[in-house]
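One chain, chain A, appears in both complexes that follow, with chain B as partner in the first and chain C in the second.
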Partner chain A sequence: MILQRFLTRLLTMAVTLFGVAVVVFVVIRIAPGDPIAMMLPPGASQADIDRLRALYGLDKSIVEQFFIWLAGVLHGDFGTSISLRQDVLGLVMNRLPATLELSIVALLIAVAVGGVLAVIGARERGTAVEAGIDVANGAALSIPDFLWGLAFILVFGVLWPVFEISGRVSPRLELPFVTQFYLFESIFRLRFDLTKDLLSHMFMPALALALPLAAIIAQLLKQSLKELLSLDYVVLARVKGFSETQVILREALKNAALPTLTLVGVQFTFLIGGTVIVERLFSYEGLGNMAIDAVINRDLPLIQGIVLVFALLFVLINLAVDMLYAVLNPRLRHG
Partner chain B sequence: MADARTAKTSNARIWLAGGWLLVALLATIFAPLLAPQDPLAQDLLYERLPPFWMQGAEPGFWLGTDSLGRDLLSRIIYGGRVAFLVAFAAAAAACIVGSALGLAAGYFGGWTDRVVSRIVDIWMAFPPVLFAILLVAVLGTGLSSVIIAIAVIDWTRFCRVVRAEAMGQARMDYVESARIAGFGRFDIMLKEVLPNVLPAIVALLSLEMGIAVIVEAILSFVNLSISTDDPTWGGIIAEGRLSIHQAWWVLVFPLVTLFLTVLSFSQFGEGLKARFDPVLR
Partner chain C sequence: MTMNRRELLGYGASALGVAAIGMPNIARAQASELTIAYNVNLPSWDPTTGPSAVNPTIQGIYQSVFDQFIPQAPDLSFGPGLLTQWGWNQDRTKVMMTVREGVTWHDGSPFTAEDIVWSLQRAGDEKTGNPIQFVWKNVNNFKIDGNTITGDVVQFDPVYFKWMSFLTGYVLPKAYYEKVGAEGFEAKPIGTGPYMVDKFERNAFLRLKANPNYWGGKPAFENVTIKFVTDAASRVAEIESGSSQVTLEIPYEEYDRLIGKDGLAGSCDTVSDIGMVFFNDIDVMKDANVRKAAVMSVDKKLLVDRLLRGYGLPIDTLETPEYAAFDPSIKVEYNPDKAKELLAASGYSTDKPVKFTIQTTKGFKPKDYEMIQAIVGMWRKVGIEANIEVYEIAKHYELRAADHLAPAAFYNWGNSIGDPTTSTGFAMYGPSPHSVWDGQDVIDAINPLWAEPDEAKRIAGWKAVSKLIADNAYVLPLLQYAQPIVHAKGVKVVPHKSGALLPALMTPA
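Showing the complex of A and B:
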C-alpha cells in the first residue's frame, strides 16, 4: 500500500521535474540579448562569436539543445557557467549547503515558536492571551519575509546592533572546515566560537523566514489541540489528575501534530523559496543570492541548474512529507 | 455572542484597512498636487536632510531627503503610483487566468482537471521570487514586464482555490437541477457556479494585490522593475539599505508605508472573506 503510493508519487515527481526543465529552458531561450556577445570585448570578429557559440552549444536548434542539456543533467553534467566559467554542478553544490542550513535553522525556529504559541494558546483558550496570540499570528502571516528582514536589519542591526546584518561568517575568522555545512561542522568539531559567529549572521535572516511559518503552525496546531481537548480520552486524563499542560503535552499533542505536519511540508518549500530574496537582503552567500547574480549576468546554464536544484528540493520535501504522513497515519498504515 | 464579535472585528478590519488603502490611493492619484517637491529633483546642498522633528531639518522636506538630496515624502507618494498600478493590473490578470482555469478544472473534472492540476504542480515547484526575477530579466525591465511576470507566477493561487470551490459546487443539487432543466454546461458554469465562487475570488483578489505590491518592491529592490529614474518603494528601500547607518529615515518611511499597505490588503481580504462566508455569518 505504502510502496504503491511511493511509486506513484515518484512518477508524478519525475513528470513535474521534466515540466520544470522544459519551462525554464523555453523561458530562457526566448530572452533577447546574447550572452555570448556580453562575454566578448566589443569589436570581436564574427568568427570568434561563432566559435564561442559552438563551444556552449548555442548554435543548435532549441529542441536539440534541450535534449543535449537533459542528457547531460541525467549524467550529472549541468554545463559550464558562462559568467564564472566553472562547472555549474560544482558551483551549485558549493552554495547549496549554506541555503540548506539557513532553511533548516528557520524551520526549527518556526516549529519551536509556533509549537509553544499553540500550546499556550490552547491552554489559555478563550482568554485575552489566546486573543493576543491570534492577533500576533495575523500580523506575522500578512507580512512577508522580505519586510520582516528589512525590519530586523533596522531594529537588531542598527538601532540595537546585537546581530550581524551582512554575510555568512566574519571574514577575519580562519575556517577549518572541509565541507560547506559550516554550522553543522562547527558543532561537530566543538568549535562553538565559530558556531556563535555563524548563528549571529544567520539568526536574523532565519527569523525573517521563520515568522510566517511559525504563525501558520501556531494557528493550525492550536485549532487541532482545541478540538482534541474536548474528546473523551483527554477528559479522562484530566479526571486522572493530570494538569492542563500535561494533558496537552502528553495526550493531545501527538494526535494534533499529524494534520499540521502535512501543511508544514508545503509551507517549508515556500520558506526555501523565500531564501532567494532574504539571502540577497543579508548578503548571505547562498544559492538564492547566486541565482539573482546569475539572472543579472544572463548566465543561462547557471540559472537552469539553480532552478532545477530548487525544484528537486521542493518535490523531495513534498515526497518526504507524504511518506512520513503515510507511515505515521494509522489509517493508511493498516489500510 | 462570539458571532457578533467576529462580525464586529471583521467590520473594523474592513474599515481600517480600506481607509488606509483609500488614503494611499488618493495620494498617488493626486501626487502632482500633494507632493511638496519634485521627486526627481536632486540637490547636493540638501543631501541626507533628517525628518522635520530633528535638528537640521529644512522646511518643505517633511520626511527628509536621500543621499542625492531628493525629497523622501514626494518619492514615496510617486512610488505609490507604480505600486498601485501593478497591484490592480497584475492581480486582475492573475485572477482572470487562474479563475478561468480553476473553474473549468473544478467543474468539468476529468482530463481538463488532470492537465490543469499537472501544470499547477509544475508551477509550484518553482521558487516564485526567482521565477519573477527571471521573467523580468527575460521580458526586459518595464511596467508591463513586471505585471506580466506577477500574473504568470501567481495565477496558480486563484486556480487552486477556485478549483476546490467549483468542485464542491458542481456536486450540489442546484447544479443537477439546472442540468435537468436543460441548461448547457457552459451556461451552468458561468451563470450558476461562478456567482457562488465569486466571494472566494474577491477575497483572494485583495490578498493578491498585497502580494503584487511586495513582488514589485522586491523586483525594484534588485533593480529589475521599471526604469531606475522613476521612484518605486523597493528602489527607495534599496537606497535606504545602503545608507542605513547615515540616514535611517530613507529605509524606515518607505518600509512603514509598505507594511501598512500590505497589511491592509490582506486584512481587507480577510475581512471580506469573513463577511461573505455563510458559515461564519
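Showing the complex of A and C:
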C-alpha cells in the first residue's frame, strides 16, 4: 500500500517538475527585462547587440531554446550563468547546502520553541500564561520574517552586539571543510570553534525564519493537546499519579503530534521560500541570496536552475512528509 | 506558573547556550586590518567580459586587484600607470605606448609589454564577449620593441586612450591566463594591482592581501575584508556595531545620523553619476513649448535640498563640472511663469493640461520615485499632467534599447572618464541604443565629433551640442549625485570622483 502510494507520488513529482520547468522557462522569457539590453555598453551598435544575443543563445525561438535547455538538463547540464559565467548546476549545488542548513536550524528552533510553548500553554490552559502565549503567537505570525530580521539586527547586532550581522562564516577563519555543509561538517569533525562561529552567523536569520513557524506549531499543538487532555486515557494517567507535565509529555504529546507533523512539512517549504529575503538581509551566501541577484541581472539560465532545484526540494519534502505520515498513521499503514 | 529546580536549571542552561553561541566574536579594527561593508556582490573576476564588465558599481573591486592601462586620480585626472606614456602619431594612423618596467604579477612573474598587447587584442576579439569590443577593435597590428608598443589605427577614436581607464580597460596576465584558462582565472585571479586576492566566497566576502611589490607603493592596510552586504539597513548596522570600519551607499538620513555618532565620520561628495529625465521624440514631446515648459518648471535645487538633504548638485546639461566639456555658461532657468506662457502658446493651461506618461524606477537610485513625484507636482502647477509609471530597471533597459520609452523617463548616467562622448554623446545620439531623443539636428551636430582629431575643437564642438540640447530642451538634466561614505574615525578615506571605493586610498588616521 505504502509502496504503491510512493510510486504514484514519484510519477506526480515528475509531472510537477516538468510543469514547473515549462512555466518558469516561458514566464522569465516573456517577463519584462532583456539580459542583453542590461549589459549593453554605451555606443553598442545593432551588430553588437546581435552578436551578444547569439553568444548567449538568445537569438533562437523560445521553443527552440526550451528544447535545447531541456535536453541539457536531462544530461545534467543546466547551462552557463550569464552573469557569473559558470556552470549553473555547480553554482546551485554549491549554495544549496547553506540554505538547507539554515532551513534545518530554523526548523529545529521552530519545533523547539513552538513545542515548548504548546506544552506550557496546554499545561497552563485557561490562565494568564496561556493568554500570554496566544498574544506572543499572534505577534510572531503577524510580523513577517524579514521584519523580525531587522529587529534582531538592531537588538543583537547593534544595541547588544552578540551575533554576527552578515555572512555565513567569519572571513578570517581557515575552513577545513570538504563539503558545503559547513555546520554539519564542523560538528562531525568536532571543530566546535567553527560550529560556534557558524551558529553565531546563523542564529539571527534562523530565528527570523523560525518565529512564524514556531507560532503555528505552538497554536496547533496546544489545541491538539488541550483536546486530548480531556480524554479518558489521559484522565486515567492523572489518576495514576502522574504530574500534569508528565501526562502531557508521556501520554498526550505523541498523539497530538501527528496533525502537527503534516503541517510542519507544508510550512517547511514556505520557510525555505522565506530564505530568499532573509538571506539577502543577512548577506547569507545561500541559494535565496543568489536567486535575487539572478533576477536582478535577468540571468535566465541561473533563474531556471534555482527555481527547478527549489521545486525539486519542495516536492521531495512533501513526498517525505507524505510517506512519514503514512508510516506513522496506523489507519494508513494498515489500510 | 510554578517552576521546579530542574526546569530552572534547564532554562538557565539554554540561556547560557544561546549567549555562548553569540559571544562577541566580532572583528574589531586593527592597525593592519580593514573591513568594508560593500553594497554589491562581485559576480565574476573577469573585468572584461559579461555583464560585470559594464557594471560601474564593482569597478572599485576590480581596480584593487587589477591595474587599468591608464589609472585615474581621485579627481578623474589621468596619470601614468602600467602605461607611462601614450599618444598618437601626427596623422592619427598609429598609437604609441610606453610600458612601465619592473612590475610583477601577483604570482611573482614579470609583467611585460606582451601582457598589454595580449589584453588589448583579447578585448578587441569579439569571441571573448567583451561588451566594449567596438572600441578595442579600432587598433590592431601591435608591434613590441622593448617596452614600447605601436599599433595601427583601423578607425580613429579620440577617446581610445580614455577608454583605457574605463569599463573593460584592464590589463590581464597573458601567460597565467593561457595556463589556467577562464575557469582557473575565475578561481584564482591575479593582477598587478595594489591588493592580491587571498580568499573569495561569492555573495559573502572577499579577503585581500596587500601587494608588497606594488609599483605604486604597498597599501597601508595589510589585510582588507570586503563583506558583500547588499541591504542598506544591514550596512548601517555593520558600521554602527563596529563590525565594519567603512561602508557606502546608505540613505542620506542614515548618513547624517551616523556621522553625528562618536567614533564615526564620513564624506558625501559628488561623483560622476547624474540623474536625468529622458524625453522621447514622440507625442506631445515633439512640441518644443511642452519640453521647454517641462524643463523650466522644475526647481532642481529644491529637489536636492528637500529630498536629498542637500547632497547633490543641480545641473543644466549632461556634463558635470569635472567633465572635459563642462560649460558653466549654459544655464537653464527655473521659471514657472515662463513655463505657463509657453504652454499657453500651445493651447495648454492648468485647466486644460498637456498629458503624458513619465516612467521611473523606485528605489534603484536614492529617492528616484519621490523625485519624480515632486517633479510631477511642480509640473501640475504650470499645466502639465503626468502619469507616473513605475518599472524595474531591467524593463527600462529593454524599452530604451528598443526606443519604446514613454515621452519622459527617469534614468541615471555614469561617466567616470568625464568625456563628452560617453555622456552627452551616447545619451543623445539618435542611432545609439542608449539614446532616446532621435532629432536629426543633434545627430548632425554630433556626427563630426566622433573622429575629430583636434582636441580643443572636439571639446568646443561638444559644448555646442550641449547648448543645442539645452536651448531646445531635448532632455531634462536634474542633478549630480553625491556618494555617502561612512567610516570609523581611525580610518582615513579618500573618495574617488568615479564613485569607486578604493581600499588602496585608505590609510589609518
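The working rule: the second predicted complex is superposed on the first by the 310 of 335 C-alpha atoms of A that agree within 3 Å, B and C clash if a C-alpha of one lies under 4 Å from a C-alpha of the other, contacts with A are read in each partner's own complex, and residues count from 1 in each chain.
The rule is simple: a residue touches a chain if its C-beta (ideal position, glycine included) is under 8 Å from a C-beta of that chain, and two chains touch if they have at least 3 such contacts.
As the structure is a computational prediction, the values presented were derived from the model and not from experiment.
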First (chain B), second (chain C), both or neither touched by A:163: second
Contacts of A:49 with chain B and chain C, given as first, second, both or neither: second
Which superposed partner A:26 touches (first chain B, second chain C, both, neither): neither
Which of chain B and chain C A:298 touches, first, second, both or neither: both
Touching partner for A:273 - first (chain B), second (chain C), both, neither: first
Which of chain B and chain C A:147 touches, first, second, both or neither: first
Of chain C and chain B, partner touching more chain A residues: C
Contacts of A:316 with chain B and chain C, given as first, second, both or neither: neither
First (chain B), second (chain C), both or neither touched by A:288: first
Which of chain B and chain C A:17 touches, first, second, both or neither: first
Overlapping contact positions on chain A, where the chain C interface meets the chain B interface: 32, 150, 153-154, 157-158, 280-281, 292, 296, 298
Residues on chain A engaged by chain C in the complex (per definition of touch): 32-46, 48-49, 51-52, 55, 82-86, 95, 120, 124, 127, 129, 150, 153-154, 156-158, 161-172, 196-197, 199-200, 203, 280-285, 289-290, 292-293, 296-298
Chain C residues touching chain A - in the complex, by the definition given at the top: 1, 18-27, 37, 41, 43-44, 46, 49-54, 126, 129, 131-135, 167, 182-183, 186, 199, 201-205, 207, 225, 227-231, 233-234, 237-238, 240-243, 391-395, 397-398, 400-402, 421-422, 425-427, 431-434
Chain A to chain B touching residues, read off their complex: 12, 15-17, 19-20, 23-24, 27-28, 30-32, 138-139, 141-144, 146-147, 150-151, 153-154, 157-158, 269, 272-274, 276-277, 280-281, 288, 291-292, 295-296, 298, 303, 306-307, 310-311, 314-315
Partner chain A, residues of chain B touching it in the complex: 118-119, 121-122, 124-131, 133-135, 137-138, 140, 210-211, 214, 217-218, 221-222, 224, 237, 241, 244-245, 248, 251-252, 255, 258-259, 262-263, 266-267, 270
